[in-house]
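A quick write-up on the structure given underneath.
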Amino acid sequence: MDNVFIKYVGKKPKLKNPIFIEGLPGIGNVGKVAVEHLIEVVGAKKFAEVYCKDFPPQVFINPDGTVKLVNNEFYYWTAKKKNQRDIVFLTGDYQALSAQGQYELAEKILDVVEEFGVKQMYTLGGYGLGHEIKDPKVLFATTDADLVKKVRKFGAVFRKNEPGGGIIGASGLLLGLGKLRGFEGVCFMGETPGYLVDPKSAKAVLKVLTKITNLGDVDLSQLEKKAKEIEFIAQQLQEIEGLSREKTDDLRYIG
Amino acid sequence: MDNVFIKYVGKKPKLKNPIFIEGLPGIGNVGKVAVEHLIEVVGAKKFAEVYCKDFPPQVFINPDGTVKLVNNEFYYWTAKKKNQRDIVFLTGDYQALSAQGQYELAEKILDVVEEFGVKQMYTLGGYGLGHEIKDPKVLFATTDADLVKKVRKFGAVFRKNEPGGGIIGASGLLLGLGKLRGFEGVCFMGETPGYLVDPKSAKAVLKVLTKITNLGDVDLSQLEKKAKEIEFIAQQLQEIEGLSREKTDDLRYIG
Amino acid sequence: MDNVFIKYVGKKPKLKNPIFIEGLPGIGNVGKVAVEHLIEVVGAKKFAEVYCKDFPPQVFINPDGTVKLVNNEFYYWTAKKKNQRDIVFLTGDYQALSAQGQYELAEKILDVVEEFGVKQMYTLGGYGLGHEIKDPKVLFATTDADLVKKVRKFGAVFRKNEPGGGIIGASGLLLGLGKLRGFEGVCFMGETPGYLVDPKSAKAVLKVLTKITNLGDVDLSQLEKKAKEIEFIAQQLQEIEGLSREKTDDLRYIG
Amino acid sequence: MDNVFIKYVGKKPKLKNPIFIEGLPGIGNVGKVAVEHLIEVVGAKKFAEVYCKDFPPQVFINPDGTVKLVNNEFYYWTAKKKNQRDIVFLTGDYQALSAQGQYELAEKILDVVEEFGVKQMYTLGGYGLGHEIKDPKVLFATTDADLVKKVRKFGAVFRKNEPGGGIIGASGLLLGLGKLRGFEGVCFMGETPGYLVDPKSAKAVLKVLTKITNLGDVDLSQLEKKAKEIEFIAQQLQEIEGLSREKTDDLRYIG
């Protein structure tokens, strides 16, 4: 087994000029939630599994009692309308643990999608604000300067020098390494507090992404429902925190 | 020396359709204690040593003053009755230190047992509860859904989505990587507080394992004896902890 | 992609007996600031980018919204006067994260500059004092004993057994590994508090470097300007710290 | 450059049935101090330098202002009397930083000494007690059981199951990996508090080692002198610690 190992499931799909959309775990799990939702609602099919020695040495346990070695997974979807394009999706359980593993995994992912003819990609992630946000914007960065104007039209926001720390992890690396290969790409980053999984931010990202890819009116109601559940949990956590802060304040007053 | 190096001791055994049983150090050392006990009582013979650059750079000192480079060890046992099968055992001093080492070691272990014709395996470990448990159950997970029903009959317990975090380390990885090679397998996890080595949990695991492998009435009295010793130590530790907590409570009262 | 990957930009330059000047991020960013300033004022041209799996998996975002995979970069400059020599510069975003990465990157960098005929080098860094310094001196160390006398004449200071901990990172490693290849070299270390980026120390280093390389009167006014800005920030930070210390003192007095 | 790189200095020495003596930095630096002292007093000559990507990326600065890339070094000494044997020594600045580096370095070191015909070795280290010791004993462990009796005669002490944690690092690994190649060897461990460099413990180790190797009356007076200096420093540190403890006690009393 190489450091990264691709296991194809069934026949390799034949795709025509596909675009690549990536969403792996990260801040607020925004990218992963968005891509997993999209895979489900458009009915994309898994065609390959990615195993990596730099993932945790771990299996998950499925509801039926069987084990699943942690991995990343490729899905594909073929265009239904003239203005759409075939899509290769990537999502998964983990990003690689080390810097070197991140580079090797990203290179292998690019090898795979390049084989299917990918030349454009969208990578999805979260932009952690560290505070609550009512109406999360979607920031972006691109491989090419002429893409900036184009992407802006679809509702994504460009703020000079933001995020200040750049983009860390697969979403940035795929774009950066892809650019060296001549890929075009955009990274969409949904604003998120970053404390909890954030379906609201994932929804904001998908609104932009479905427009730019002509996927049309994709059903986002499940994300809204999940977002409300998370909001409820967040409120409860805040109340608990609030109570404990009050207590501390009392103590300070007394002390 | 490769990253993982197998040193055969004497002639390679000839085995007929053997099963593979693994128990390495982990939570409560349940797997290691169980397999080492089984090796002893059935009289299995060592046939190979496994050295790995991702084990600690360490030698142990034997009672006779000689050094032993830390390793994992393979043992074999040949079936005595018609309803039994030959067995390959693996136990050892350590698991690999890094994620990459874990993957490389597990792959090499599977290479070795595959060479001997292994197609089924049982991996043994502990399921850390973080609290005392009077009568430890044995949870399990499998490579194949149809094994779940079968294994249940032998007294192991299936609880949906448990363990929630999956299985981390060799016991899970061997199952997960083995499944990719077409191996069948079951991981048995004895419930354990997880603080100390836990012969009681190892005994519970062996009760299930000896039934499912038709090993019959294996003498588990030594494990019972060790379990009582550990229980005594655990009580003493709790008393000490109790005393120190009382003290803290006193201070709180005064403060 | 190898662990270290060189991407040439345009045609490889033809250089005559060039010297190599390195300045990467480090204590006070002294080396990086010095080399970047020199590249700018002499108008050196980029000819190669260095990517490394041991850099953080990160892209920066350019002011125009495009991404830039973190890297190191080679620049060249051709001599304008008879007493000058061609120069290869190296600067960049990061040093390698691990010891092994540091060695591999330094070896690759030496391979590249050796190809261009480099036999002499100057590596630039900071010498962290941990306290403010009004007039930073420039310490140095060399590959060859007979260089010590020569370098002293240009205003650099030799203090026996200083820095006591030697030189850690690229500046030291390039010298040490280069010496094994028969390179001659000097490491200049500007004294710096080490808390913040230090243009004043970079300026001190450049004063020595431009003399020894016959670069003549290089405009250092931008560094002076930046140094004043940093001084202002440092004062503000000290005031804040001073206030908080006063508060603590109050509490101590009361307590 | 491989992960470990040997640079021979001058001609390779021709040695007859040499023994190998290793002493690298470790607890109390006992092994390093002992071997460096022995190299000096017998007048051994350096014949090779060992560089490793798993050493810190660091150069030291020599008193003359030149840099020295951190390394390990081989020395040799040829027997002067009939009952003596040629010796290969190894000492150095660091041990490898990671487990994998430790294994690779130890394997390479064994490759080198095997080439010179080494079949026996002594590895030297410290045994950290964590408390002061007036008269440090020298513990030992061997590759072969029949060596235990033999070594005891020379004043080294065998205590069953001590050190309990085995031997970690190069001294243990060289013995353990050497045993797999059929080498004979003994590790001598001088008892040491382990806080500071410990010439007294190194002296105790050398007393045993010079007897067993028939090196005769080697001058250990320099070690005695250094031991007294360290003792003086240790006392001063204890006084400072004592004072600060008193202060804390005062505060407790008041509080």
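Letters A, B, C and D name the chains as they come in the text, with residue numbers starting at 1 for each one.
Heads up, the rule we're going with is that a residue touches a chain if its C-beta (ideal position, glycine included) is under 8 Å from a C-beta of that chain, and two chains touch if they have at least 3 such contacts.
None of these values were measured; they are calculated from a predicted model.
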{"item": "Same or different residue numbers at the chain C/chain D copy interface, by half rule", "value": "different"}
{"item": "Most distant chain from chain C by Cα centroid", "value": "B"}
{"item": "Copy-to-copy rotation for chain A and chain C - C-alpha atoms, rounded to a multiple of 5°", "value": "90"}
{"item": "Rounded Å distance between chain C and chain D, as computed from the means of their C-alpha atoms", "value": "37"}
{"item": "Intercentroid distance (Cα basis), chain D paired with chain A, Å", "value": "52"}
{"item": "Overlap residues in chain D, where contacts from two or more other chains coincide", "value": "none"}
{"item": "Chain contact graph, described as a line, ring, star, complete graph or other shape", "value": "ring"}
{"item": "Full enumeration of touching chain pairs", "value": "A-B, A-C, B-D, C-D"}
{"item": "Contact footprint of chain A on chain C as seen in their complex", "value": "1, 3, 7, 51, 53-61, 63-70, 97, 101"}
{"item": "Residues of chain D defined as touching chain B within the complex", "value": "99-100, 102-104, 106-107, 140-145, 148, 158, 160-163, 165-170, 172-173, 175-177, 179-180, 187"}
